[in-house]
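Labels run A, B, C and D following the written order; every chain starts at residue 1.
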Amino acid sequence: MSWFIGIDIGSAYSKGAMIKDFEFVASHVIISGANYRTSAEIIRTELIRQANLSQDDITNTIATGVGADNVYFASQKASDIVCTARGINNIFPQARTVIDVASQSSKVVRISGEGKVVNFTVSEKCAGGSGRFIEVIANVLRIDLSDFGALSARSKTPITFSTGCAVFGESEAITRISEGIPKEDIAAGVNKALADKISSLVKKLKLEEPCAICGGGALNVSLVKTIEGELNTTLLVPQAPQFITALGAAIIATTSETSTVEYRS
Amino acid sequence: MLDKNKGLSKAREIYLNRLQRVKELKAAGKTIIGYPCIYVPVEMLTALDLIPYQTCGDIKEPVTEADRALPSSFCPVMRNCLDCALKNKNDFLDGMVTIHSCDPQEKTARVWESYTSYPYFHFIDMPITVRPEALEYFKSQLNDFKKTLETFTGRKLSKDKLESAIKFHNRQRALVRELYELTKPSPPCISGTEIIQVIEALTSLPVSEGNDLLTETINEVKSRTGGLEKKPARLLIWSSILDDTDIMQVFEAKANVVMSESCGVIRAYRGEVKFTANPLEGLADYYLNEITCARTFRQATIGETRKDYTRDLQSRFGYLKGIVEEWKINGAIMLLVRYCDPFAFEMPSLKDYFDSIGVPSTYIEYDYTVGALAPLRTRIEAFLETINQ
Amino acid sequence: MYFTGVDIGSTMTKVVLIDESDNLLSAIKGPTGPEHRQLANEVMRQSLEQAGLQIDDISYIVATGYGRLNVPFADSQITELSCHARGVSSLFPNVRTAIDIGGQDAKCMKINNGKLTSFVMNDKCAAGTGRFLEVTAATLGVRLEDMGDIALKATKKIQVSSLCTIFAQQEVVTLLSRGENLENIVAGLHDALANRIAALARRLGIEPDLVLTGGVAKNTGMVKAMKESLGCELLVPEEPLLTGALGAAILAKETYMKAVVVGEDLPTKSRRLEKATFFS
Amino acid sequence: MVVEKKRTINRLKSMYPLRAKVNETYLKSIEAIQAGKPAVWGMLNFYYGDPILKAMDIEVVYPENYGAIAAATGVAQQYLDRADAEGFPTHLCGYSLTTLGYASRMMKELNGEIPPEAPFGGMPKPLFLMSSAAICDARYKWFQALGRYMDVPVWPLEAPLPGIKEFSIEDYYDEMVKLGVKHLRDFVTFVEDMVGKKMDWDRLDKTTGLMIEVNRVWHEVNELRKARPCPMHSRDFWSAMPAALFLAGDLEDSLRLYQDMYKEVKDRVGNHVSAIPDEKYRLVFAELPPWHSLAFFDKLAERGWNFVIESVGYHPPIPLDLSRVSDPLERITKFSLQFLVGYYEDARKQNVLGGTTAYPYLKYAREWKCDGALLHPLITCRSASTHLPYVADMLIEKMNVPSLSIEGDIVDLRLFNPEDALAKAEPFEETMEHYKKMRRQEGFDW
């Protein structure tokens, strides 16, 4: 009997996935906060609790994400890009492209049948290309993040955002509000802006179908629809999209295949 | 009762659908040649019975395709312009003429040529100084342009054809200046917004049709009774490009914009092409010397070994003094399109100059999107509040 | 006679109600939601209640701030720059320069006997606004109002990128994963913001007295950082959030009085507080 | 935890004396300047102006390089803030803002004295400014903007930027040469007036000859790097380039020392000596390196990443026989033009008409047999960044060579994040492996 854990410490959220025989047995997500070390511990404890196991039952743990260094109990760490590829390949072996809409950045990875990375690209640092954009606007509009997709789906006339600075997308939203634009049109405008950024990332890399989408952004139905429209394809959406990278890490843990590289410089 | 197909209403209509007329002409068998920058000598196209069409971006269109070839920290106008091309919006073009007026023009031109396949594509190099040898070189570049045009059309570009084309375009320049005479009264007889619509129409019409439109417009505006609403300030806008009415309307909400020293407005129409033994000389001289874009390196005396900042400012911005006096300007807006280096470097010196001639000025940056115009509105209003007390 | 200033800012909405001798009768603050009009009506109602007045008792009303166009009952609109200038100089008669750091922008104003003479404004880059601290606070999982005190506990200076909020945010993440201590990072963020705003102010030229206003002025760590990067003393109003609304109220009074003197009758809006809502 | 710096890259012994010579002359020139010898502020001008100033024995300081020094030593920020305060938009070239802030501090606050905080002896008030039209607009508008702070004359060197297709038009090249020669002749007169002495034409002739020869040998050194495994790493290129690019140091010394480098590299090729322990991947680097964290290349070397070619903007022109051209000014012009047009015929054949600075990377990838490209776009240096997306697109389209893009900046050094870069190394290796297969399938020979 062997259980494997993958822990993905992102700059906004920390996610954990536990697998047994390549099947999900537990998953957990929390806000990363200022202390990644603690976040990692909380996640491990929760995963173990969910599967009511003890620490000794865990054969191997792999860490990924910006805060991977802080997962002191992980045997090794893996690149989040590789993890996303392995993760999505585990759920959709047919997928040749995966879009990951995370809070801080979006990335597009093209993958082989074996889940190897064929090519990838990550959104520019200074561009409204991340899910954070949506969180911020949801907050401005005083609506729940989970309602965002449904709301924007109601819009007939989405507004146009200048898809420049992600932070200033917010001022734009506020501006539009003071101009009297309905909520749903603003929400839809944000989805459009983000979808534009993401599809141009995909085009940059050349889309190879079938294409999957993961990360928190994949929970936003209207964003997914908009991207589907712009790429004119149907996206594969996993049940728990935000855990795909963590899942990938767990999978890597089963076959400790990853280079240990000293990240410090 | 106004005729819908004349003057201002016609201009507005064309402005809202710049492609309409060129597509008609195309259908009628005409050859349409695009150009992205006013430094391209359109006379040479007209002379060969080619229709010049200025390709421009769409301020309301988010850039998606251009990301493939241009980074986001790049002239938003050219990014947008290329984006439209890559979205096949200019596929009706038979050719493009591009020019090295500035980096974004040059960089975009090369990418453009590489990603599209018009029957004709030409790139003109351009020196940065107005020195004699630079002028000679530019003349040779225009001569090479002539060669490729002749090969493309299979027609000779004769001297008299070129001279008559120059006459037509000089006439157009004169008419635009005449139109601007009508912003001198207070209140002005025509708004900055209307002028943008007229100019944007001109850049999508054959020169003769453009001249007719101008004549109609001038007569219409002259016959206007009452004129426009008098606003508390008469503004001058100095910019690299100003080709969209949305932003102009923000300026005009609480002021009269009586002069817009910019592309998309008067910059291409200030001077006049002189008639020279070899017409290319006159053209080279006009385009290199007369057009007041920050891309050209100007100094008080060419190759001077003594330097004096005051004289330097005079040589770079002196032409603005007369404008300020004649149009009774009481406020200047220095509008910068983000990432436009030639104009960005100019800003502090330009402010020095406006201060020296006692014109209050304010600096405004915008990224060529309709996105956040409201904060811009606040700046304008606050600026007006400072000059109107 | 009574006068009101309504300041609908990007994050907070404020109302100030004064009488003809500038006595403060009520001051209300509330978060700006997406429904400006409704909010304007609501805060106005509260303020009248607090002052024990009816809407018709108000002689003149000036609206300012981002949402100034969404105050149905306001008689005229004046930009927040002129209003801040007026408000600040009523509190500090000798003020020559005022810096207002808001959530969406930062403004530096030159003031001459109560009037705005010139200004510079940063609304294009979040790195130079209060938003810089909000975004990075969120990344750090710290409450915005605690940022200042945390900064004051710093033991060493860390340089943080001041070029762009997004970069700063990513840098914070890196610093955290390197195990840098929170206080020092926060202090670094305050310095970065202070330097950006100081540069903005220098563009205008700084003359004493210098006043810092706007929400960020409540942040003690920021005031310290600003003093350091400006290298001069800073005056801070007790209620830095209210200077805009106060200025609007005073300008309302002055506009009204001027009209009375020259005997012209000012056009005024309907005084009805309709329950307008924005997204109906 | 900090690990001690491992030196994985096998540096060339012969590079050190060259670098030492350059530094030595740099220090000499600083002393000379501080002793009151007139100096000129110059832009990297791709050979147009430098041989002329060198022949006239005028010291040149390069604000572009000084911008890098100011950034590396941490004094840049105060100059940047100053430029911001003077009203220069913050999105302008970081080096230019540093210089403008520096000039403002020197002239407005210290009436012409070199600021005490300025590293490496600072930059003195120049005799005149020599800007250049080559590469970007900032490089001539920036020196014009300096006029706000000091009344020193500016000479903007013209530099034609021919079209790739148009270049084949009859007389096109000759006209560019005509411009160059006439322009440089007037420039010489200008310099003579400024320093009050006449040009020694024999000396200019000799200097020009040496400049061309130095660059030829330097070019040959880099040709040797096509060998597998690659004997010389980009680190050595960057360390050795100033002697050829800026003509830093004494040209006769430089020639000898580049010849020594040639011998050592040739020797390594003969004995299959690699620049890194185990060459798994051959990469091309574009454009400006992250000067402040070059140790990061050792980390990549540990993974078997060898950087075999780089930064076209710093590379010598493809050699051109100018021995029969008698007029030194004509030789300088043709040599400088060659920096760009040396690639044109090939570019036209391959029908890659985009960016003059973009095409060479395709040639590099093909001839230096690269598995991947590491692109380093810089937020405030557009000229070194705008062509990179196109480069990436062409590399993958035309020869199945993938690119990894790591953002950075020229003044805000904190933007370059080695951790982030290294985190992408692992997936990029999978990517390079994939495209290696693709190239084989499509009949490429590497």
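As a working rule, a contact is a pair of C-beta atoms (placed from the backbone, for glycine too) under 8 Å apart; a residue touches a chain by one contact, two chains touch by 3 or more.
Not measured: the values here are computed from a predicted model.
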{"item": "Set of chains adjacent to chain B and to chain D", "value": "A, C"}
{"item": "Chain whose Cα centroid lies at the greatest distance from that of chain C", "value": "D"}
{"item": "Distance from chain C to chain A - Cα centre to Cα centre, in angstrom", "value": "36"}
{"item": "Whole-Å gap separating chain B and chain C, where each centre is the average of the chain's CA atoms", "value": "39"}
{"item": "Cα-centroid distance, chain C relative to chain D, in whole angstrom", "value": "48"}
{"item": "Shared-contact residues (touching 2 or more other chains) in chain C", "value": "66, 104-105, 123-125, 164, 167, 170, 174, 177"}
{"item": "Per-residue overlap in chain B, given as positions that touch at least 2 other chains", "value": "67-68, 71, 73, 338, 363, 365, 367, 372, 374-375"}
{"item": "Contacts with two or more other chains, residues of chain D listed in rising order", "value": "86-87, 379, 389, 393, 415, 419"}
{"item": "Graph class of chain-chain contacts, one of line, ring, star, complete, other", "value": "complete"}
{"item": "Chain B-touching residues of chain D, taken from the complex the two chains share", "value": "86-89, 91-93, 96, 128, 133, 136-138, 140-142, 144-145, 147-148, 151-156, 158, 160-166, 169-172, 175-176, 178-179, 182-183, 186, 190, 193-194, 352-356, 358, 377, 379, 382-383, 385-390, 393"}
{"item": "Residue numbers on chain A that touch chain C, as the complex places them", "value": "9, 11-12, 31-34, 36, 66-70, 104, 125-126, 140-142, 165-168, 170-171, 174-175, 177-178, 180, 182-183"}
{"item": "Residue numbers on chain B that touch chain A, as the complex places them", "value": "60, 62-65, 67-68, 71-73, 367, 369-375"}
{"item": "Partner chain C, residues of chain D touching it in the complex", "value": "74, 77, 81-82, 84-87, 90, 379-380, 409, 412, 414-415, 417, 419-420"}
{"item": "Contact set on chain C toward chain A in their complex", "value": "8, 10, 33-34, 36, 66-67, 69-70, 104-105, 123-126, 131, 135, 139-142, 164-167, 169-170, 173-174, 176-179, 182, 278-279"}
